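The following blocks contain the structures, represented as structure tokens.
Same chain, two partners: chain A is paired with chain B first, then with chain C.
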Partner chain A sequence: MNKTDRQSPPPQVAPEVSGLQSGGTALGRYLALMALAGAPLVFLAKDPYWLNIIAFTYLMGGLAASWNIIGGFGGQFSLGHGVFFGIGAYVTAIATSRYGLSPWLVMVPAAVLAALVAMLISWPTFRLRGPFFAIATMAFNEVAFVLANHFDSFTGGPRGIMIPFKAGFANMIFRERWQYAVLMFVFVALVVGITVWLRRSRLGYYLLAVREDEDSARASGINVLSVKLQGMALSAFLTAIGGTLFTMYLRFIDPPTLFTLQDVGVKFALLSLIGGVGTIAGPLLGAALIVPFENFLRAELADALPGMNLAILGLLMVLAALFMKRGVVGAFEDLLRKIKGKKGGQ
Partner chain B sequence: MDQLLNVLVIGLLLGGVYGLVSVGLNLIFGTVRIVNFAQGELVMFGMYGGYYAYNILGLSPYLSVFIVAPAVGLLGVLIQRLVIQPLHNESNMQIFATFGLLMLFQNIMLAFTRGEARSVGGDFGAQVIEMGDIKIGTVRLLTFVITTAITIGLHFWLTRTMVGKSVRAVTQDKRAARTVGINVEKTFLMTFGIGSALAGLAGVMLTPIYSITPGVGGNFILAAFAVVVLGGLGSVWGAYLGGLIVGVVEALAGYYIDPALRHAIWFLIFLVVLIIRPAGLLGQVGAEEVGFREQN
Partner chain C sequence: MSQALLQTRGASKHFMGLKAVDDVSLSVNKGEVVSIIGPNGAGKTTYFNLLTGQLAPTLGEVSLRGQTINALPPHERAKLGMGRTFQIVKPLIALSALENVMVGAFLQHARMADARDRAMAVLTRVGLGAHAKRRAGDLTLSERRRLEVARALALGPEIVLLDEVMAGLNQSETGRCIDLLRSLHEEDGLTFLIIEHNLKVVRAFSERVIVLDRGRLIAEGTAEDILSSPEVVKAYLGEGHQWTPS
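So, the complex of A and B:
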């Protein structure tokens, strides 16, 4: 970024409505959202079945919110976030199982590595727009899959990597499920907090400007490539941290778990879409709706009709794209507006 | 030397398969300007169509193609009308919608077949023509011939007939095409239908070669994307040429490096093309950047 960039005023973008909008400061709204998100954890702390779902909901919510930074705010529909997720997961698994390092120490370097890889592979692909970008990122994901399978001396290949159970805070391995759920909650709170900050920062405004109209953004002095790269790096960094947490929760990873598009790369985008792309609360809401629903479907249908749960999810995706483009958050806002409009009319 | 020649022949024949799978995708890609992620699943439907026609009705794939391909084409028309058309000018939502279709189709077939792999087997696919040291599978050779014939046919259809010309007009400028009286929506429906029918046709043609699983579409879609990006957006000959190149490169890499790395090879082709010539070999320069700008 050069001098003129800093001096130029932030571009005029229509303020995005961000979910819980009625009253309060950004901090107040953030705390309210987090309190709402944390409530199930408090009420269901005794039930291991629900704790598992809650932990996954937080994790997926955080990952979807990470995707939302570049996919929602920046408008760059990446389907390749599995790569960054996988980097976080593999670096953690290898460092802890082979070198006995603490995941806490590995987490940040792994995330930095993911951010670097993200910038490296995004640099050529960012010249593509829309669907072309999505295809290219999807290709990265497939390549990561192949490489993870191929270099088995390093990644364990198809056999995967198992992390031995040694409970303790330093190992990020816990005896109780609620401890994992708290860990995941901290993660999602962190990511959503960063999104709240980002939304009001210069980079956030730049990202929105790029999403709305790349050429106009460039014309008004924004270094479009640099903005996209920064957004992608931040997004990848947070996604890799999610990968670390995922690994320590499951304590087993293999290529299909990390790189199956429908379960990882596309799932992040799907959750954001259902909740509301480009909003702050959207990804979290999407996760809160879809993760338990998917668990239910898998439990009810997977034995009787294999794949039916995913088919329903696919149908849901089509319907959401057709009829709920702005997700639950958007639908909620429309409803609010309608109610307000009626009151004004009377 | 014979080895190299053998690998080249295998590559070219494989390229014929990729070209066949890609040509429909590229037609849709270039004209309707949407990326149909579910195209591989249309190929998969074609394969199951060919399989069931062979096993239940006893029809050879080369006969059943006349039923299956139009059926898949009809499905394509429905997709265009019900899903794509309402989402025109919203490329991000189109990605979601067609990816949703991919998941839907793939998993419905999974539920339906319970995940067992099928294959036509029997006398199909086993015959081999030998020329010196080089062995050529009859079915693959036939696939190659069909791909070539379809490419030539499409070329003449697009350049010599009024309907084909109207498709090209819509491709070049939707608004101007509308002004001169072309029904753009109808053209889109037709193009999507033909592109889907070609996917179905490719599927039936491939039943003797590949074993059929609900996830088989995924094997083709990435290769087809690589082919389309390499050959050039919307170019009929681009898909053909791109298919051959990707096939040969894959065969060479498979023989001299490692067959497991072929996905990585596709990706490498992808990346090199994106950096050096993003429009592809035979595509219009700039199409990848402005191709999806809003058109009314």
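So, the complex of A and C:
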């Protein structure tokens, strides 16, 4: 009871809080981050092996950042984003291979469709909290897998869909790998740019408030369901765009490529977790660490001992979950605060 | 003389067989300060939740400015001018104090810059102006309580419901908190409905006190009358205790 009463500490120990800088520094940080992210593309532009890895890193970074909007900021741990990714991919593949439409034209309507589907399946599942929500969304991913296999007149079923190689900007098919890498870079820059904006917008604050405590959010006048649906729609929209780009890069899709959990739905979440969930740079950082490493493991170990690459990756993720709960970005922030705290004489 | 701002008529909440709130009728007038006291488990917080919309009443009616709001969800009630704090404070710990308050300020100020100005003004009002940029997670309990009040004030409410906002504060912190609430009441004309365990606070701040016990409203009156009523002492402390008001 009788704790010694001290005056509230003087405000000189005031660690800067991310997100509250003026618009200028936020933009500066964003540009610095994108310059850093773009550097490998510039330096390795001649190497097709690395360009492939770089393109995938950007794509996965953009997809993880899309997931992070609802999974990180909104705290709704979706494992069903493969569904939206798949919608983007299938609509693009069908429209281009069967009807000869340009992927550029198809991309946005496909993303709108994904956003609508996202709202439709989220409406009931948002009643569930925490792990139950995650499991329900995972189930939707499996349903999508089954449906894609079943409706083979539409999706090609297990045979998948092949998109013929007709190079040209209008077809979003390029001769050079670096052109794809640039395309993926634009995608990740767009998604990260949107998260930067979102983090400073009313919707962004509302998503954070909902993540932290729904009751308290409601008391602040926030319509929790509506905010979650908006966040999910935006997240699904961007994920579907990623699906379009993925399809045009590979020019072949089938259900296992799109709906294998550990490669798609769970992967988006994992990359964010490793990098720092709910942060701006986290998903991109997670992709930059994991995607190249995965490629390395697959190349070096897969032949020697089948499955070894996955085992090592799994182990790393367990370690990260144990010791870096807030991801690389979180660990870095903690370190920074510690150093600042010491300087402040506390 | 004054119009009922927030009112319940025969409000009850039953959980299975348990009558957590049982037939409580109360009206809070504009500009009043009303305290709810009662022993643990008396149904105070459940009653609060009926008022804020967290729970729907099993029976009876909740109304705001004469309009029945039984079916209105909490966020709609917030828009109608009802602010509340929670017994367990849950600030957005990763955000700054200012950003925490901005979340509430958005309700009336859609533009970022306006919301920030409003939030800053409210923070200053509760005495946290100097702490605007600090992480909410780094604030002391006393500061977090103030932040919680600021979050409610940012909504621009007419009535504020405080659920044990002084719990865990020491004497001098409690004193400062009472001063703050009193000035919000007197200068800004806010109406307060508070749940409070600390009877000193009840005595110092409230104009009217109601006592809940086992879900029922067992007494209502001025702080002086209530705190010296044998029935209330009995409900609080059990039989055979002597109450010595200090």
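In this section, the second predicted complex is superposed on the first by the 319 of 346 C-alpha atoms of A that agree within 3 Å, B and C clash if a C-alpha of one lies under 4 Å from a C-alpha of the other, contacts with A are read in each partner's own complex, and residues count from 1 in each chain.
We adopt the following convention: contacts are C-beta pairs under 8 Å (C-beta built on N, C-alpha and C of every residue); 3 or more make two chains touch, one makes a residue touch a chain.
Just so it is clear, the structure is predicted and the values come from calculations on it, not from any experiment.
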| item | value |
| --- | --- |
| In the superposition, chain B vs chain C on chain A residues touched | B |
| First (chain B), second (chain C), both or neither touched by A:Ser216 | second |
| Partner chain in contact with A:Phe259 - chain B first, chain C second, else both or neither | neither |
| Which of chain B and chain C A:Tyr30 touches, first, second, both or neither | neither |
| Chain B versus chain C as contact partner of A:Leu305, first or second or both or neither | first |
| Contacts of A:Met317 with chain B and chain C, given as first, second, both or neither | first |
| Of chain A, residues touching chain B in the complex | 75, 77, 79, 124-125, 127-132, 134-136, 138-140, 142-143, 145-147, 149-150, 262, 266, 269-270, 273, 277, 305-311, 313-322, 325 |
| Of all residues in chain C, those that touch chain A in their complex | 52-54, 73-75, 78-79, 83-84, 86, 90-96, 98-99, 102-104, 106-107, 110, 112, 115, 130-131, 133-135, 138, 140, 142-143, 151-152, 154-155, 170-173 |
| Chain A partner contacts - residues on chain B that touch it in the complex | 34-35, 83, 86-87, 90-97, 99-111, 114-115, 214, 222, 225-226, 229, 258, 260-261, 263-264, 266-267, 270-271, 274-275, 278, 288-289, 291-292 |
| Chain C-facing residues of chain A, complex | 2-3, 5, 8-9, 11, 14-17, 19-20, 200-202, 205-206, 208-209, 212-213, 215-224, 278 |
